[in-house]
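Labels run A, B and C following the written order; every chain starts at residue 1.
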Amino acid sequence: MLDSQIEYIPVLIMLAICSAAIGGMLTLNFLLGPKRKNAIKNAPFESGEKQIHSPKRRFSVKFYLVGIFFIVFDIEAVFLFPWATLYRQWLRDPAFAWVAFGEMFLFLGILSLGLVYVWRRGALEWD
Amino acid sequence: MLELILLSVAKVMGIVMVFVMAVAALLTWIERKQSALIQNRVGPNRASVAGLRLGGIFHLAADAVKMLTKEDFDPETDNPLMFRLAPFLAVVPVMLLFAVIPFGPGEHFLISNVGVGALFILAVSSLGVYGSTIGAWASNNNFAMLGSIRTTAQMISYEVSMGLNLVGIFMIYESVNLQDIVIEQGSLIWGWLPAWGIVLQPLAFILFMTASIAETKRAPFDLPEGESEIVGYFVEFSSMRFGLLALSEFIGIVAVGATAAVLFLGGWQIPWVQGTGGWLTVAQVGAMILKTLFVVWLQMAIRWTLPRFRYDQLMRLGWQYLLPLSLLNIFITGVVLMFVEQGRI
Amino acid sequence: MSNALLLNDKSRGSKPGYAPSVDESDLHTEHMVLNMGPSHPATHGTTKFILKLEGETVADVDIHIGYLHRGFEKMCESGTWAQVLPYTDRLNYSSPLCNNVGYVLAVEKLLGIEVPDRAKYIRALVCEMSRITDHFTAIGAGALELGGYTPFLYGVQAREMFYELVEELTGARLTTAFTRIGGVKHDLTSDFWEHVDAVLPEVERLMIDVDKLLTNNRIFYDRMVDVGTISQDDAISYGFTGICLRSTGVGYDVRKDYPYLIYDRLDFDVPVGHRGDNYDRYLCRVEEIRQSIRMMKQIREQMEPGPIAVDDWGVVLPPKDAVYNSIEAMIAHFKLIMEGVKVPRGEVYSYTEAGNGELGFYLVSDGSGRPYRLRIRPPCFALMSGLKKMIVGKLLADIVPTYDTINMIGGENDR
């Protein structure tokens, strides 16, 4: 097993302990709480009326747009992380410094262009 | 291997079950007391044990007992499994955040020194969206459904800027490992100014705080809850399930506090004090806890001062202000670092 | 969202040469139909909005009222004229004294009597105090439902101080029943003005706090400005009065335009907005509180000692001393209690400026001791009919502040 993988063993242990703690609390609640169920009590809350529409329907396409933007920008952000940690190291190398700097300009430029594009298309107007 | 496992269990119990849970539980009381202070009220003071009230601190226990003895209630839903899973999905990720947070120097105050600590935080905190989204979706309730959509839209929108805000920090400290970042923050600029994240990245700090308050779904970003509009995404949750969702919010506050302390406030570093060991280590752990609590206090003061945003305003703030400013911050950091490395500053 | 991104955009489809590759009619968004109310935190149990939502936008709304209907007008027909008075407390329950005054003014108009000056001053004073409590409630609740719990509690704290003054005067906070046909129940308490002096600086301080938390708060400003807008013409044609009408720029205030009591002797300004949106309504309310405080101070200076009710045993109960010791007073007392004030046959419409606008009482008397018909024109009713126009096309979250700034009060609206 790699050293970097061993670091995740405590995380897994933590996952197990936390889940167990939550499971324990819920079980305790299940054991201690009263159980008096009836259809009206279990009906979903809709301001004291019957539901007109079930919630499991298509929802507005506007929300889908948010999802698309997230995927676009978050994945681009992910590319920035490895670059960011190495940036200073590259700068210290006089031959490579301007390349690293120019790369950053280019990448951020493209990212900003994408943002400007969706902005100008009116996709960032939410109402 | 066995040693590692036992040590991890001990650390998890110590850090998460004792420190985090205690602070999160105390926060439910502190929040009410602090808001009472702000609003010229007395706040909770009724619960008493053996005639002692101690400013109502026993409300913690009273709340827990009440949650545990309430009916474990299920709405009519097609997805009972998802509904039951929601509390786990909400609480476990925020608890896992503490796995990589260094509470002190060395490896004893850190559950796991994951190499990509900061990325771990981003990744795990984004898992938090599932708890509220799935839970609300499985409630079979129109209000919860609206809350679910709002939660998703809000959390993924602010995650983008949250990730980009941290890029500046990674550039300066040349690492994504939180312990390394804290150690780097111990140095002094020009011999007197602590090289804390907030000093070097003030804009990123403000943006990060904004984005993380939005991630914890607290006012002024409490739209998913928005009790006067859509009643809340957890409207169908009662008893301990509701308690756990509420607890996840409070743990989230502590997590934001700890993350901000590590990345921007120098973590366990005490300014102008170098070295570790002995009583100094104890003091440093204390400093980390104090910084965490400071950010927690800040979040509470904000929560009780500002009204709530509207959906379109929230999205506009996220995409049209935070995102471009985050990009600008990276750009400025890049240019300044260029000058620094060439020895011009 | 701009049109460019809507999938079933008409303009794109009509361009020559553009042939949609998919059947776009199938790519629509379904509306969500949602019951908001009656049992919903924002609607106070008294209104139901059946919303048709497109995403978060309100495409259409159907507003149902009447959840607090209790047959008020019919109830009034079974009591004597004096017995109606306590019912009026429950009309607009955030400013009960305005209703008390409005009612007795209507009856007195039918009776054709004029009350003594001191009674008029006391009535105006309690009206203004009630107006202040009403406005503090509306401002505070508005902030609360935008998520600002702190300004709400500051508003309520200030309101509480006025409630204590009202309590001192009338013995009750809500069920005041303070006015009487022909006067008021009793005079001011001897140290009333001292208590007012103690309260006003505190209120001033709280108002500054609320002002700091709301007026220039960017979030609050953005949530209120250009939300719930109504044009001047629409407001007039819907029959808006009070704050909601004045926020559109029409300076109509019954106290100024058709002065009753002693309002023509007071120096006060009527705040007027220009956008007709929630923010203007909020600002008008804040300014009206200041004007009401100003009026209270003037009333204090102008008030002179004197009788607080007309000297007519056919209208006002004789003093207890006389009832016990003289047969005339005894008979007058008996007849007033058993038969009520003999209001002459006829009908009258009388209107005053209440917290929400013009509160009208239309009375018909058949000459017996009881109202033959009593009809109320509640200011909220007209406002509620215009509400749909104010919220359709806006976001779901905009319903809440709009509904709050029109300050719909179930007791008055549903009667």
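Observations, loosely collected:
Methods note: a residue touches a chain if its C-beta (ideal position, glycine included) is under 8 Å from a C-beta of that chain, and two chains touch if they have at least 3 such contacts.
Source: prediction; values computed, not measured.
Looking at contacts between chains, the pair that accounts for the most C-beta pairs is A-B. Ranking every chain by how far its Cα centroid lies from the centroid of chain A, the top place goes to C. Measuring from the averaged C-alpha position of chain A to that of chain C gives a distance of 47 Å. With centres taken as mean Cα positions, chain B sits 14 Å from chain A. Remark: chain B and chain C have CA centroids separated by 44 Å (rounded to whole angstrom). The set of chain C residues that touch two or more partner chains comprises 32, 34, 40, 56, 395. Those residues of chain B in touch with two or more other chains are numbered 142-143, 145, 231, 311-312. Shown for chain A are the residues in touch with two or more other chains, namely 46, 51, 53, 55, 59, 63, 125-127.
Interface of chain A with chain C (complex): residues 46-49, 51-53, 55, 57-63, 65, 121-123, 125-127.
Taken together, the chain C residues at the contact with chain A in this complex read 1-5, 7, 27, 29-30, 32-40, 43, 48, 50, 54-57, 395. Interface residues of chain A facing chain B in the complex, by the touch rule stated above, are 4, 6-11, 13-15, 17-19, 21-23, 25-26, 28-30, 32-37, 39, 41-46, 51, 53-56, 59, 63, 66-67, 69-70, 73-74, 77-78, 80-81, 84-89, 91-92, 97, 101, 104-105, 108, 111-112, 115, 119, 124-127.
Taken in their complex, chain C has these residues touching chain B: 32, 34, 40-42, 53, 56, 143-151, 153-154, 157, 213-214, 217, 219-220, 222-223, 395-400.
The touching residues of chain B, counted against chain A in their complex, run 4-5, 8-9, 11-13, 16-17, 67-78, 84, 87-88, 91-92, 95-96, 98-99, 111-115, 119, 137, 139-145, 149, 152-153, 156-157, 159-160, 163-164, 167-168, 170-172, 174-176, 231, 235-236, 239-241, 243-244, 311-312, 315-316, 319-320, 323-324, 327, 330-331, 334, 337-338, 341-342.
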